[in-house]
Every structure is written in structure tokens, then in C-alpha cells.
């Protein structure tokens, strides 16, 4: 009821000490198609469901290369994500130019999170409407990392995670298996990612070489994107078990699809 | 009902994580007269229905030359489109001046989409009220591309697409035939474009050399515009089958016509 | 009903994808006294009804010289029109100074339309409340053109047109006769303009040498203004047939007259 | 009724295409005490009713010298008028400094009208609340001119005019006699001005040497102000006939008097 | 009733052509304690009632020195008055520095009035909430002047005036006697000022050497302030006759007292 | 009732000529714990009740050193007071640097009051929510002064004063005894301050060496702070008589305590 | 009820003299997981409950190193805290660069509190939504200090304190034992911190080496963080006594958890 008067301006606190506009922006992440991430000691793998606007269009890119050592998966507003990716690529270039080396993912992610935070404290911009999974290799410690951002400006490091529509099923899968991840090979990680993703496909659909995609970065592995034909061998290894118990709270809003990925 | 309080400011999220003002802007695209685009391996063709304000006026231009290698079709507010075209032509000139070559369409379209995105995140400007189909030839890969933008800042690559009033019928036509497009000749593509367009003409009207127009760019084909007398030979090849089942949700709003094309 | 919440800010889209403030601004054009324009191959003629604020005042100027080769007729807020005319004259001077030649009307009109468009996208200014008919001669192609602008930023090229209060009757006249215009002489065009204008005079009034005025530009004809005594010979050639079927939707709002012309 | 939502912001159009805030500002002119202006071929005369705040105060100045060749009469907010007069005097000085001659009144009035127009298009300032009658001599054509401005930015040239409270009676007088003005002598014009002014005095009052004032500029006549004792000879020539049929719509609002002149 | 929607923003006109926020600001002047001013040919005298916040505080200064030749009395918000006084002192210094002479009071008052006017036309500042009586000697004409400002930006020259709470009684006194002022001596003027002031004291109080104060400037008289013991001789000459018929419309608002003087 | 529409913006006048937001800010002063000030000819003493947030925290500082010759006591928002103190210390340093001497308290207080006034006239900042008692020694006249500021920008000089919660009792005490202050010794002043303060302690509490504090500046006395053990000897001289008749209008708002001192 | 109109803008005072938006921001601190701080003469210890977003994520950092001699614990919005920490680290670097020594914590905390205060006085930013406990060693006096900030800009020095959800139980524990802290050893302090923290764990949970963390700075002790395995020895010394009487007013809001730590 009285919620209303505190939820239309990002700089207004509700009486309970909450920023409702920021929470609404976080809802937009739940409407993007699912994206998963997981890592072993040597590799970091992202997987995403590409949505096709129509039969006639190419599938939307959901996994983006930031740099040789960093990849990004998105759930939410594609246009916001693209603008953030442009910012990140620029930072990577600047760092390389100044220091002659790849930017440590932790440094870039901290700057990115601050960029998010600022949109939650001033009234001139709205909070970003996108959640990111970022895979990166630290150039100094030679270690793999998986980060997750959210519109509030919060930043988490994960062993494995999933965001977007119907991602609860993927998180459940990852929680069951994540203890085996650190020692997994690259190919095993990819199959885990696809298996998790398979549970996020909406009711009438299926995970295929067309709508699935995988990105990998690793200690001695520059960014690669695995799609279409290259993806098929991995898909053949899946034991598909359709997820029938979709989490009700995360049902996809079809109306909003036009702006989401 | 409660929708109201979240839908008058572009920087305000609705509780469901949607930006309603952006969605309203997308409605304006559905009110412009139809525009179709399709491509073969060698050519990219745009077709549009020109609307005439009165018997006494020339028809409104719906297909614009951006550069030798790029053409643009519009559905929505003409004034917004014209201002975007001016921006794009300028970028083409700048790129040629700096690099001595045509700008790759993918680069320009990404900048254009970011320009759209910015209007959805700050409160000083409204989102653009126009959708674009852009045909272009990549100067480096010598390949043809068809892009579609929308007011949200989303950017899609298509094999074939149609936007604007009654464009559903055109999309249905294109989906039926698009598998034959890659190998089609320029003339075949033009006939396909006109056939698709014919289904978008409103009830009392017909596709004629006066209201139809075609633009072509290709690997070895600089921008050409085919109108009036030059269009007649292609129209003669059409097997007109009027589309009687107009999609109700896309019925044209006559009130708003004054601002649209 | 719910229209209300979307129609007080020019940067707010209505749920149907319309900009209601822009449409309201277009209403102001319908309240200005009528203005007509038509062209042959060699001449472009504008005609306007001057409104007199009182017996004691001079009639308001409705036709303005922009440059030797360009004339402007207005319907709507005079103050807005005067500020636009100042802008246009300045552009003409700048162009002459830089290029040593008259500005092509198409270039100036495109810039002018963009100036209109900008007022519809930012919240700091209101849309202009005036419609213009601009007659011009292209210095390079030596051809005559008639343009019409509207507060939305749309720009049309016309063979003949009429705007302002009771202009429907003039448009009907022009549509009946426009096929004969291209080959008409200057004097014939002037008589056509006056004949069209005669139908736009309000009920109790008449077209006279006092309230009528004509402007001409042409291939070998610099701007001339024909008023008062010079106008009488042309008026004598008219076969006045008062227009009794005024279009109801365009009846003049007397309340707003103070700000209009 | 619904008028309300469109009439509190100067940049908002009403659905009928009107700017209500500008029209409200024009109301303030009707509340100032009356001011008349008229001209012969050789002289331009302004007359005004001075309002006295109290017995103890000097009468408020209603006629101001702008330059040797220009005079200004005001009806409405004195504070706004004073700030405009300062602007005009400055422009006169600048013109003299740059060109070595008096500024042509038409040039200054056009700039002044644009200054008015700008306040009607942006939301940072309110429209001016004052109407002006400006008398001036054109230094090049050596001709006399009478201009009237209004808060909308409109500018009129008049043979004779009257603004302010109860000015309808003065306008009626001027319309009856204006045909004799062009050939009138300076003294005849002054008597006409006073006669017109006499009809604008409110019910319980009378035109006297204390509340009347006259300003004259002319071809060979620099600005002079005729007040108090100098005015008496002219007053003696009047045939006073009190105006008993005050126009109801213009009755003076006593509440607002404190801010008006 | 409907007044409400036009009276919260200083840049909004009411339908009757009034600026209600400016009128409200003028109310604040009526709540300050009274201040009177009067002048002879040689002297200008200001008198004011000082209000004491408590027994423990010094009385508030109501008469301020601007320069040797100028004094100021205030009614309304003291804080606003102090900030205006600082501005005026600065202008006096600047003028002396540039021209080597005292600033003519008319020049300073005109600038001050414009400073007031600006706060009534833009929305960034509120109108000042103070009325001033300013006494000054013109350095060129060697003449005495009494000015009164008001929040609207209006400026009046007075022979004698009174502002603030219960000042009607003082004005009545001054009107009765002002014809004798021009020839009065300094001491006579002071007694007149105190006599006028005596009628403005609130019911339970009395004019004493503690709450009364007098400032004088004159042709050969630099600013002097007469208070406390020096005031007693003048008070002894008064024939006190308490004013029992307080004007109801000016009764003092006790609530607002904290901010007023 | 209708109060509401004028009381949420500091730049809006109420119809009675009041600035309600400024008056509300003055309420915050009444909620801070009490602060008293008094002066003899040679000393100026401030006393304050320190509030302890919890047993575990140090008591909040209520008396601050501005410079050797100036002390400040606060009631209201501590954070606002701290920011003002920083400004004042800076001004003291600047003055010393430029003039080589202590800043006269009257000069600094006038600047400080203007700083308050500005927050009441523009909408970008809120009025300060703190009242100050400032004790200072004038370096030129070698005299002691006690000033009191308030959020409205008003500035008072006092012989003795008390502000904050339950300060009415202290003011009553001071009024009874202030005639003896001018000749009192430093120790006598301190005891008077404590005695006044004792009446401001809330019901269940008592004035102790923990919650009381005293600051002294004087002609030959640089700033000293007397707290805890040093305070005990003075407390021992008090004849405590608890104030049981708290003034109802000043009862402490416990809710707001977190932000106050 | 009427609260509503004063609580959506940080620059608006309520009629009671409160800033409700600032108070709402303080609510957000109560929703962060608990954080405790305490100090002996030689050491300052912070303890915090880390919240894990999921099994798959690392725990959120609640204790941050500012510099060798300063540590920070947070309760509230992590994103706000991170941005403040970045500011503080920068100030530490600047101070070291300029003065060659560690910044005194009191100096930095005062600047930080002013940074908070500014967000409560202008409308462009919202108040910060985080409370901080900052432990620091003064480089000049070689003394340990514990500070607590709050969104209002208030700053407290504490012997021991606890903030965040269910922190009342910790405060009760600290109040019981704080008299023994000054002489405690580092290890004793750590055990006290953990004992206090144990009472703040929510109902179904327990203090473990995974969710607990301790930071220490001291006179001769640079910043150390004690977590996971290093924490176990200290946990083994605890006598866990679950806190069953959670303070109702501080029950955790689960809804808001996503943005909090």
C-alpha cells in the first residue's frame, strides 16, 4: 500500500531503510534468459541461453569477450550490458597501455561495482537493469575467478553461480556438484555448464546447439567461444532430464521480453 | 491500474523490473508505415511503403542513403529518424576521413545502439520513437548485413525482417521464403521485398509505383533507390494476394498519423 | 480520461506511443489565420490573410522575406515564427559568407526541421507553436520548391498546400486545380492563391486588399511582396464564391486570438 | 475544469493548442493603470495615468525616457518594466557606440519581442507581466512609429493605441478620431491623448495635473516629459465627459494593486 | 479555493494575472515591527521600534548605516535585510573607489530594486521577505530622499512613510502633518518620527528609550544613530496618545515573531 | 490544515508571509540537549549537558573550541554544528594569516549568519538544524560577547541565554540573576552556568561531572574546557533544586534523539 | 499519517524538526549483519558476521583494511561501504604522501563524517545507507581508538560497540564486561568480540569459522585479519550461550537482504 510513495525515486529511502527502485531494477535480472558460470583451478566457464527474437534473426549474443583473459555473461537489459561491456573493454585497454599487462579482474570488477553504486545514489540516472557473470584470470596470481554483479552495486565472488529466468534449477544442480569442480578438466566443466543450463530452458523448448553457447578463459587459455557445431559434441554428452518444477516466482514475463535477452 | 505511477519517467523501474516509458516508445514504431528488409549473400534490399500526407504533397521519404554502402528504412517518428540519419552520415564521413575507408556497419550500429541506450537511462531526453532497418556492406569482410534497432537500445542482426504497421503479414511471408534468399539475385530479392510489402498495405489501398520504394546496396553495388517508373517492372512481376487478416493488435492509429511516416 | 497523465510533459510517451504535447502544439497551427502556397515550374507563390488587431493597428505581417530567394508564410504563434525567421536569415547570411552563394532551401529546411525536433525531445523547451510554408529557389538546380514544417519536426515538400484556420476549403480548391499549376504564369498563380485564400476568410469578412497579401519568388524573380494597392488588380480577377461549409473541426478559437496571427 | 492541469507551466500546451500561462500574464497588463499612444507624421505622443501609492508618495513614473528619440509607457508590473527599460537603454548606448547613430526603433523592438518570446518557451523564467507602448523616431527614414508589446512576445505597430485598466474607452475615442491624427500638430496630439486618457480614470477620480503625464518625441523633437504645471494648459483645453460605461471585463482588481502601476 | 494551485511557485501566474507568491512575501513585511521615515529639505530621519527577543538580549538593530550619506530601516525578515545591507555597503564602496564620490541613492536603489525583481522571475530563489525605508543624500544635487522598497521589486519615493506592524496609525499621523515637514528642523523631524512611532507600539507596551531608535542623515549631516540616553530628551517632548484603534488587518502574528524584527 | 502545501519547500511563502520550513528547522534546536551561556565584563562562560549515546561511548562533545578567543555551544544536529565549526575555524585561521590578529567575533558571526540566510533562500540546501551559542573576546575592544544564532539566519547578542530541550528553566534562572553577572568572577559565572544547567536535566537524571561541561574564554583567558574531575569542585557548590515543572511545549522527542546532541 | 509529506525528500524538515529520510537511512544499518568493536589500551579489535549469499559464493567481506593502522567493519549497504572505503584509503595515501606519516584516525573520521553530513543537506544525493565501526591507532599519541559513524553524519567514539541486526545482545554483553577491556590482552579481546558476536547470530545459525571474522590493529600491530582456520582456536575458547531473547525491534528484514551484508 504505502509502499508507493517511496518507490519511484532511487534516492528515496523507505521507512524500513530500503531503496525500492534498486530492488525493482534487480527484478529485471530475473527476466533475462539464464546464464551460468563455474570454475576449476585452471579454467573458468560461462554458459548462456541465447534468445532468438524471431526465426529470421540471428540469436542474441549473451556471452561477450572483454579481453583475452576475461569473459562476460549477461541476464537483463542487453542495451545496458553492451554499454557496460564497452566501458570494461576500454578499461582493459587503458590498463594494458599504462602497465603493459592485463588488468586484474578484481580491480576492474571493483571499479565496475562502484559504477553501479553511483547510479543508486544520484537521481540523474537509473540503476542498471542487468546482472553480470564475469570470468577472469588474474595475471599476477595466475588464478581463475568468477564474479557476479547486481544492480545494487554489490559484487560477489562465486565458485559457481546462475542468474536469470528459471536459474534456480541451475543453482540447485551446481550446489550438488560443485565440490568436484576444482579438479575438473575444461571439457568436464563445459558439460557441467550445459547440464545446469538445460534445466533453465523454458517449458516448450530444449537446449540445442542453436540456443546454447559456452565461453572459456583459463590459465593458459585465451577467450574462446563455443557455439553451434562446435557445441554439438558437448551436448551429445548430456543426460537431459527436463526440469519440470519451475520455480513459480521466477516465471518469465513475456511482456517484457522485447527489451531483455 | 497501479501501472500509472511507474510509467511517466524513463528512469523509473516498475516493481516487475520493467521500464514502461521505453515500452511505450516502442509502440510508436508499430504506428509507422511498414518497412521490410532482406538479404542474399551479395545484396541487401530494403522496401518501404511511403505515406502521402495529401494529394498535393510528395510522398514522404522512408528509405534514406546513409553512405554508398549503407541504407536505412524507418518506421515511427520521421523527425527522430532524420536526426539519427544525420548523425550516422556524419560518423561515416568521420570514419572515411580518419581511416580512408567505409565504416563497418557493425561498428556504426553499435554506436547508434549506445546512443539509444543513453536516452533510456537519463531523464533529460525521451527515448527515440523510431525503429530502423539498416542495410550495409562490411568493407573488410565484403559481406552483406541487415540490422534492426529499437527504442530500447537493442540491436539485432536479421536475415530478413519487417517493422511498422501491419508488418506481421510481411514477417510471415519472409519466414516462409527466407531459405531461398541467400542465393537469390538482386531482382529476385526486390520482388520478394515488394511481395512482403504488399501484405502491409492498409485495407483500402494497394501497393503501387507511387507508394512503394526499394533501396539496394551490395558487394559491388553502391546505394540505389528504385521508385516510381523504375519500380513498375518489378511490381508487374507480383502476384498480389491482399492480406485480409490484419493483425488486430497492430491496427493503425489514425490519430497519431500526423507525426508518423 | 487517463490521457491526462501523459500529456503535460513533452518527453513522456503515452501508452499508445504518442507524444501528446507535440500534438497539442500542432493544434496551435490550426488557430492561426490561413496561409496558402503553390508553385509552377518557374514561380513559387505564398498568400496569407493578415489579421488586424484593431482598426488602429497596421495588419500583422504574415509573409516574411528570408532572403532574395526564399519567402515564409506562417500560421500559429507569431512570436515563435519571428524567432525562427531570425534564425533562418542568419543561416542564409552565414551560407553566403562561406560559400558565396544562396543556401539551397532543402539544406536550410532540414536544419530547421532538426531545430524543431530537438524541442520535442528535451524537457527544457516547449515545441514551437507555429507551422510554416516556405517558398524557395534552389540556386544549383534553379528549381522552385514549396516546403511545409510542423511543430513535430516533420518536413514535407508540397506542390501546393494551405495551413491555418479554415484552410480545408483552400486545400480543396488547390486539389481541384493543381494539375494546371506547373505551366501557370506568375499572374495565374497569384490569382489561384487569392482564390484559395478567399475560401478561408471567416464568416463576416471578405478578402480585400487590406487583409490579403502575396509573396513571390522565382527562377528569375527575387522576393516581392504584393499588398494593398498592388493587390487590387489581382483581386479584381477573382470570382468570389464564399465558402459556407466551414469545416467544424477547424473553427477558430476566439479566445486564443491574442497570441495568434 | 480540466484547464487546471495545463495552466501552471509556461512550457505546457493545452489540448487546444494554447499556452495558458502566457495568457494569464497578459491579464496583468489589464490591471495596470491606463496608457495611451498616438502619432502624427511628425510627432509621437504617449500619455499615462500615474497612480499614487499614498498621499505621501510621489506618483509612480509611467512614462520613461529610453533615449532622445524613444519613449516608453507601461501598464502592468512596474518592476518588470523597469528591468526592460534598463535593457533597452543599454541597447541604445551600444548601438550608438558601434554605429554612431540612434538605434532604429524597429530593430530594438524586434530584439525586445524576442526577449519576451524566450520567456514563453523555457521553464526557467516566467513571462514578463507588462505591456509597453513605445514611441520612437527612425533615424534613417526620419519617421515616427508607435509600437505595442505584449507578454506573449507579439509586437504590433499602431497608429494609436491604449492599454491597461479601462483602456477600452480610450481605444473607442482614438478610433473615432484617428483619421485626423496624421496632420495634427504636437499640441493637438497632446490634447487628444489627454482626452482619451480622461475616459480611463476610475469612477471616483479625475484626470488632473497630478496624475496625468505626457511624453513626446518627434522628428525634430527630442524626448520631453510634460507633467504637473506644464500639463495644466493642455488640461484646460479638455472637454471632460466622464466615461460611465466601464467595460465590465476590465474592472480593476484592487487586490493586485500593490504590485502594479 | 482554486487559488492554491497558482500560489506555490514564484514563476507561475494566476488566471487573474497575479503572482501570489510575491504577494505572500509582502505579507512578511507587515509582520515586522514598525519603521517610519520622513524628510525635510535638509534632513532625512528614520525611526524604528526595536524588538527584544528576551530580557537578556540586546535589542535587535532595526536601523543600519549603509554609508555616511545613507541609512536603512527594515520591517520583515532581519536575515534578508542584513544580506541586502551587505550588498548595498559593498556597492557604496565600489562606487567611491571608481568615481571618488558617494553613490547617488537613486542609482543604488534602482539596482537594489532590480535585485528584488530578479527573485520574482526565476524559480531558484524566493522573493526577499523584507521591506526597506532608505534615507539618502544625493551627492550631486545635495538633496534629501526617502525611498521604500517592497518584495515585488517596486520602488517608491516618499515624502514620509511607515511600514511594518500597526504602521497604519503612523501613516495617518504623517499624512496629517507632512505639509510642515519640508521646513522642519532636525529636532522637529525627530519628534515627528517618534510621535508617529508611538502609535505603532503594541497594546501592552510603550515607546521608551530602550525600544525606540532614530537615524539621521542630512545635507551637512553624516549618519548618526540616536538611541537610549540620547533619545530621552526627544521622548520627553512627546505627547503620548495611545493608538487604541489598531487596524485589524495588520494585527501582529505572534507565531512568526521568531524570524522577524 | 492547508498549511501543508506551503511547508515542504524552503523557498515557498505561506499566505501569511511565513517560511514554514525555516520554522520547522528551528524546532530541531529545541530537541538538542540544553546549552547555556553568560558573561561578566571579563569572562564569557558556556555550559552544556553532554548526552551519552550508551554507557560504552564517550559523551558527545557539546562545547567546541573555535579559536583561543572563541568557544561554541550547540543544540540541535551535531553533524550540522560540526560542519559549521570547521567553517568558523577556517575563517579564524584566514583572518590571522591576513591580518596577524584574532578575528573580531562580530565579524565572524555576521558571516556565519549570512551563511545561514543563504540556506533559507535557495532550494538546493535545507536550513541548518542547529542553534549556536558563541562566546568570544573582541581583540580590538578587549570586550566579552555572547552571540546566539538560529536556523533562520537571525543573530542576537545576549547578556545570558539558554537553548535546547527544557532550556526555559535555565532562562528563568538567568533572568532572575543576570544583573549580578557583569561584576561576577570567573568562578561565580561557572557556578551560575551550572545552576542554570541543573534545571535542564531531564526527569530521571541529574547534573554530574560526567554529563556537565563548561567552557571559558576571557579578556586574559584563552579557551579552557572544564570537565569531569575538574568540574566536581564547582558542582559541590551547587544547591540543587530539581526543576519539576518542565515546560510542556519543550518536552524532549525521544524518537529523534539519534540525530541530536 | 501526515508523516508522509515530509519523508520523501532529504532536504525537507518535518514540523517536529526532524529529517525523516535521514532516519530511514539509519534503518538500513539495522538490517546489515552484526559487527562489533572493542579496544584495550594496546589493541583495537573488530568482529563481524559474514553473510553468504549462497553455498556457492565466498562469504561477503565485512571487515576491510583501510591502512596498516586502520580497519573498518560495516553494517548496511555493502556497495555504499565499499565506495566509502575507497575514499578513506585514498585519504590515507594522500596524507602519507604529504606528511610522511599515517593519518590520525580522528582527522580522517571527521572528514568522513562531513562527507556524510553533506548528503543530508543537498537534494542531489541520498544519505549513505551504512554504519561503520572504525578501529585505528593514532600515530602521534600512539593510542587506540574505536569510532562509529551513522548515516546522519554523527560520529561517536566508543570503548566498545555493536551495530547491525540483533546487535542489542552484543551491546548488552559488552556493557557487562567492558570494564575489564582496557587491560585485556589481544587474545582476550578477540574472545570477547566473538562472545559478543555469538549472540547476534540468527535463530537457526551458529557462529563458525566460516561466518565469523576478526580484524586487529594495535600499537605495535599492523592490520591483521583472522578468518577460517586461524579463527578456530579462538572459537574453541567460547562458552556459547545462544541468545534466545532477540530484540523484536531489530528483527531482520529478509526481503531487503539482497542489498545488505
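To keep things simple, chains are lettered A, B, C, D, E, F and G as they appear, and every chain counts its residues starting from 1.
Just so it is clear, a contact is a pair of C-beta atoms (placed from the backbone, for glycine too) under 8 Å apart; a residue touches a chain by one contact, two chains touch by 3 or more.
Chain by chain, the UniProt names read as follows: A, B, C, D, E, F, G = Proteasome subunit alpha type.
Owing to the predicted nature of the structure, the values given are computational and were not obtained by experimental measurement.
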Neighbouring chains common to chain A and chain D, by label: none
Copies chain C and chain B - interface residue numbers shared by over half, same or different: different
Distance from chain D to chain C - Cα centre to Cα centre, in angstrom: 31
Between chain C and chain F, centroid-to-centroid distance (C-alpha), Å: 70
Chain centre separation (chain D, chain F; CA means) in Å: 56
Sites on chain A at which at least two other chains make contact: 9-10, 26, 123
Chain-level touch network, classified as line, ring, star, complete or other: ring
List of chain G residues in touch with chain F within their complex: 2, 5-6, 9-19, 22-23, 26, 110, 113-114, 116-118, 120-123, 148, 150, 152-161, 171, 174-175, 178
Contacting residues of chain A [partner chain B, same complex]: 4, 7-10, 20-21, 24-31, 53-58, 60, 77-80, 82-83, 86, 123-127, 129, 253, 255-256, 258-259
